[in-house]
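What follows is chain A paired twice: with chain B in the first complex and chain C in the second.
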Partner chain A sequence: MEKYSLRKADLNRWIDSMIDRCQVFVPSRIEEEIFFSPVDEAPEMDLLGGTAVLPYLPPKDIVFPQSEILFSYSGKGEETKVEVPEGPKRGLVILGIRSCDTQGIFWLDQFFQENFNDFYYSRRRNKVTLVTIACNQPAKNCFCICCQGGPFLGSESQNFDIQLISFQDGYLVECNSTQGKELIDMRPDIFFPPEAGMEEIRFHLEEESQKKFLPAPTSYMSTAIRRITSNGIPPELWTELGERCFDDGGCSFVCPCCSCFGVGYLANDGKGYHYRYWDSCGYAGFTREVSGHNPREEKGERFKRRFFHKLSYQYLKKDGRIGCVGCGRCITACPGEVTMPLVVERIRKAQEAKYFK
Partner chain B sequence: MDNNYLPRFVRIVGIQTETYDTKSFELEFVESSAKEGFRFRPGQFIEAAVLGVGEAPFGLASNPNHPLTFRITVRAVGSVTEALHQLKIGEWVGIRGPFGNGFPFDEVKGKNILFIGGGIGLPPLRSLIEPMLDARSEFQDIQILYGARTPADLVYKDRLLEWEKMKDLRFMMTVDVGDATWVGEVGVVTTLFPKAEIKEENTVVFVCGPPIMIQFVIQELIHLGFSPGNIISTLERYMKCGIGKCGHCAIGHKYICLDGPVFSYQEMMKLPEKVV
Partner chain C sequence: MIKNISTICSFCNTGCGMFVRLNGEEAVGILPNTRHPVNEGRLCKRGWNRYQNLRSENRLSHPLVRKGSKLEEVGWDEALQISKEKISYILSRYGPQAIGVVGSPWLTNEDNYRVSLFCRQVLKSNNLDGSYRFSGAAALTALNETWSGALGSLASIQSLRESPAILVLGRESLRDFSPVGARMIQAYQQGSKLILADPVCLRAEHFYNTFLPFPEEQLAQILKEKKDVAEQIPRLLAQPGSAIVFIADQIKTASSLLSLLSFMSQDQADPHPIPMMIPLSRSPNFRGAWDMGIRPNNGGLTLLEMLDLSNVIKGLLVFGDDLLTHLPSFSLMEKLKKLDFLLVADRFLTDTVQIAHGAFPIPLLAESTGTLTNCEGRVQKLRPVLNTGGESRPLSYLLSSLTRKLGSSLPAHSDKEMRKEISLVIPQYQNIHSESELDSPQGIVLSTLKHPVIPSIPFETREGPQAPGKYHLFIPNTLYAWSRNQMILESPLLRIEYPEDRMALRMNRQDVRELRIRPGEKIKVCSDHGEAQLAVEIDESLPSRTLVLPMHFSTVIENLAGKRKFDHIANYSYCPDLEVTLKKV
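Moving on to the complex of A and B:
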């Protein structure tokens, strides 16, 4: 890993250079909320500070759009023509992505690129460089610390390109990939070797930050993982939690790790396209078969499915990490408040109450 | 990088009406580069698309040793299958695959083989029965038990009659409800068990059919002393992509399209949801 220092006064010069060559997404304020948006000039500074101001949605749709055409077609028989829409031509930079969302993209990478490498995911992902900003302060619902999702990315983490750590008037810049190095090499005039003592301060800042995250709703992930892995949670607990689910799919759509999709088909006058769109295992129709039979008719069954995917050791082993990065967005999205921390807490309390055999 | 979402096109070269709601389609690739045929293993499946209408999974139902054309057997139950039924010889279908793990073949050489099929569950078994008959000497007893709701629901009637006549194959069939012309066995497929003199020793069973039939067959086999590892069946789930990405067919951490559709009963029992 290479390290540099960057003065805060120079950040916008760097961003302007990126914008010349790439499409740059930064957290941008739209009315009262913050979203990742493409920008054509350097953004307001406060959104890139060390305080976690978490965009309402993760930048998942930049690598995995909410709906995406797989191919369009026209004609029949010998006349059949199939066309795949072009992927992004320019490089994409996601600047100011938080640690949790960076880990979310890591999860998607593992999933979409294993076995059959997903063509549409990879051709976008291969264009993307992530410039992560470590969090010195938690936001309201953050629990990344319980999920190895942050607040800083450790040097053992291979999956960030650049990590910015906010100091008083500058950044310590950690660069972990050739794509990251390319961004830095655009402006050799503003990147300097780290100043003496910066390394110590970095670890001090990380420790200080971790302490601030700790009083946040600490989830007892390990108990939940153990219980879910052994299929040892009483069905009545799933039923009860499932009853509070509104089948709205919100948790899936705001989750940096959720990757399920449906495929739709449109035809008009001999032309049309096949497209995919985000789907949710919370929907009753997710597993309903053409006969009308539905293996997950019960909400509790669907709820169990969601949390098995997120927290079982079987999936942890397959995907390299649990399917939750602790961003807390499901807390904002869920009208029934059956969120990751709540479910994990209920599993723990069920254990304490000797609910389990 | 391969784009596994793009269909390749096949031409319909034969259509066989099997029953009042089921047709078999004989398919061949339109690209000359694919003239060597379609390489697949018994028990694998394809996604077949009628462009603009949709795509659905179908078990391959023909002998993989004859790959120049291949067969799917389609019951008209939804929009895609109904659209397929409207197609004529010469028309094109988009396909993706083959997908899935397929049945064990070399692993079960030297064993007695028992096939138990129900209704539209016979087609995927046929992709294994035919190559086993090609390599007849490598297996011990081969026995097929086939059941359908009524005589009108039996598929591959011509082939069933041939199987009945074969000397090195024991074949029996039954229907749940007979009709005026039916002189054969009547009763669900498990009622054939005593007459068929099935034996557990050195036998591997392949079961395919509607979920309720699979459930009763497995119960009965366990009762007769078969070990769960020697009972091999297929699982079905609604699926979209065929390549383990869309998430619809996942049960526990297994994806029916990638890790299945073929599972032993032993593997099924380990899944965190009840599947049979």
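Moving on to the complex of A and C:
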């Protein structure tokens, strides 16, 4: 791990240099909504400070788009032509991604690259450099501290390439990969060795930031993990929570960790294409079989399945973390207000009430 | 590079704000707008997956003209010329009242207004109507009567969360329209009383405070009989800010809504506030089409009459609607085939297009400019997200070309000029000419000009208790059902989510066991009028002795029900629920 300091005034000069070589995604406002958008000029600095800025659409869309064409074809018989669309030609930098979303991409890596190497995911992911900004100030719905999602990532974490820690008029820069180092080496004139006492400032900033999270209802995440793993939750609770699920799929789509997809095709007159799209375990069609039978017909069953995948120990053991990073986007997305914090709280309260054995 | 374009969803009439995400010319994703007052960052599954149907391969791409038994692709000029000749022939031979025109809740306000001008001023016909005549018009008529013909803003979805009490007619009103449902859940969390009236529901979800297992047409009468609930519910709903939420497409009679309102207003201090009314619809511009005058006037015929009086109506011009998909029935197809001339303007190669004499491709709502009016009475502007596909041309082009060819003239209006005219002619739309307000996410809320006056009408008589051995067969109105919506059929994901209704009789598991039959097995259903054999399907959510057969299986229902009942207020006939017996085959 290498450490540097960078003046905030120099950030734009660094980004300008990056733009020459890569496509740089930075949080930007489009009609008041914030998106990770490729920029070709200086970005909005207020979105790159210590206060958490979480674009509603997580940056997973950059490595795993909401829909993407797998291949297209035209012609018939021996003259059939199959074409696979090209992947990104230049490197991609996601700058201003927060700790939770970085952890989300780590979780996606487990799914798409661990056992089976997904061609479409990897050709994007392998070109991505993550420049994370640690959060000194959480946003309204944040609960990353309960999910090993943030607000700071450990200096030795392999999940980011570069971590920026914002203080007064500068950043402390932590670099953990050769890809990150390449970005820094582009501008030796603006990166300096960290000043004395910076380690101490970092320690205090992280401590101060952590204090701002407590108390949160999700502080009982470990209780939820234990009870879900041991199947210790009464079915009535899942039925009740399921009644409030609108099976809209929004929670899956804005979740930085959700990786489920379906495959569809469009064909007409001898030409067409196959594409994959985000799917959701909340949908009845997700598990419905061709016969019409659905093993998870009831919404409560689907709801239980979703939270089992998010919180059960078997996934914690397999993938190294739980399937929630605490970004709080599901709180914005869920029309039934059955969000991660509420579910965790209800599981804890169910235990305290009549269900405890 | 991805472009994000802010616009309005056009699946249903809640009008959620969303960004459509484009990669070049192709829609690749959707993100709800967190700053939009209707949905505040939430969407339903249709909204989240709307990008999928924007890349359809089944678009109607060229004008079509029937030559012999086949539809042939032709150029716009030829199709317009042929259509003009057919229309002129009918006009000169039979007169203007031999032509019927159908507008659509899938067209913008501006386009519906153009259709209305074309019908009344160019064709000089009074026969103008929309497909909502088959059921949704009942609710619109009731609301129109209550607000004396000037239906302004009826409610605010956002303020539903502060409602002290909400009456929900049919649980789908909450489950299927997520921005409305979301506010009701928030209201529940804040201690509001939610009341569910639904006859085909075994038990209500936990957030309902009171459950009334009755259909809306009997609700007023039943409440009157049941003193204990009856006193409580009007009191709850008389509180300021309370609301009645219902799917207007499914309300069978105007009197059911009116009797409910008049029951609520009984014994209340005068003047008492009328609850907010939220008439939901599975079409995007249900209210707007009605407001723009898509309904018969001066003794004109309703759509049902146009179809029934085949000796009177010789030509039917259908703009932006697919009658056969909403009302699949052999008899309707026969009626349409009898016409001398059927012109259809639509976006897809629909069933109605397949039997038309002439068809014109028009842009999707995602390719149009113009405004939609949502269930609250909020007028919102669409932004064209995609370039117009194929040979599609705006409806304004079709109508003005036909007008010119017919030797008549209508001033050619842009959408903006059209809005100005609408604001002068339709009183509650007086504010919609402000373009800067229309461009904001809030849109423009219609003016409320008149105080509601609830007409006093007699309650529907309630049938006596169920005779032993009899089952109650509910025939829910399925006009605009999602499983037959063209936009759903064009989306791989949503097609799986909304599987086609199987022609089956849905019934309670216990009842199936008692009859000693297996699911999928056929059973004979006998009514006073006739009988039918239907496969049985188990529906866990149904109460005992309750059967459900959706309205769109019309041939079977016509066999069982015999004569339809007539709703004199909304001027249409409908199929009432039936008492039936079941016999093993």
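Following the convention adopted for this analysis, the second predicted complex is superposed on the first by the 347 of 357 C-alpha atoms of A that agree within 3 Å, B and C clash if a C-alpha of one lies under 4 Å from a C-alpha of the other, contacts with A are read in each partner's own complex, and residues count from 1 in each chain.
Here, a contact is a pair of C-beta atoms (placed from the backbone, for glycine too) under 8 Å apart; a residue touches a chain by one contact, two chains touch by 3 or more.
Just so it is clear, the model here is predicted, and its values are computed rather than measured.
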{"item": "Combined model on chain A: chain C and chain B, fit or clash", "value": "fit"}
{"item": "First, second, both or neither for A:N115, with chain B first and chain C second", "value": "first"}
{"item": "Which of chain B and chain C A:R288 touches, first, second, both or neither", "value": "both"}
{"item": "Partner chain in contact with A:G249 - chain B first, chain C second, else both or neither", "value": "second"}
{"item": "Which of chain B and chain C A:S37 touches, first, second, both or neither", "value": "second"}
{"item": "Chain B versus chain C as contact partner of A:Q66, first or second or both or neither", "value": "second"}
{"item": "Which of chain B and chain C A:E301 touches, first, second, both or neither", "value": "first"}
{"item": "Touching partner for A:T223 - first (chain B), second (chain C), both, neither", "value": "neither"}
{"item": "First, second, both or neither for A:S17, with chain B first and chain C second", "value": "neither"}
{"item": "Touching partner for A:Y277 - first (chain B), second (chain C), both, neither", "value": "second"}
{"item": "Where chain B and chain C come nearest after superposition, their Cα distance in Å", "value": "11"}
{"item": "Intersection of the chain A residues that touch chain B with those that touch chain C", "value": "262, 265-267, 272, 279, 288"}
{"item": "Chain A - residues contacting chain C, complex", "value": "30-33, 35, 37-38, 56-57, 61, 65-68, 240, 243-244, 246-250, 253, 262, 264-268, 272, 277, 279-280, 283-285, 288, 292, 332-337"}
{"item": "Partner chain B, residues of chain A touching it in the complex", "value": "70-71, 73, 76-77, 80, 82, 84, 111-112, 115-120, 122-123, 231, 259-263, 265-267, 272, 274, 276, 279, 281, 286-291, 293, 295-296, 301, 304-305, 308-309, 312, 314-315, 318"}
{"item": "Residues of chain C touching chain A in the complex", "value": "1-2, 4, 6, 19, 21, 28-35, 41-45, 47-49, 51-52, 55-58, 175, 178-179, 181-182, 185-186, 189, 205-207, 492-493, 496-497, 499"}
{"item": "Of chain B, residues touching chain A in the complex", "value": "1-7, 9, 49, 51-55, 77-78, 81, 90-92, 211, 236-238, 240-241, 243-248, 250, 252-253, 258, 272-273, 275"}
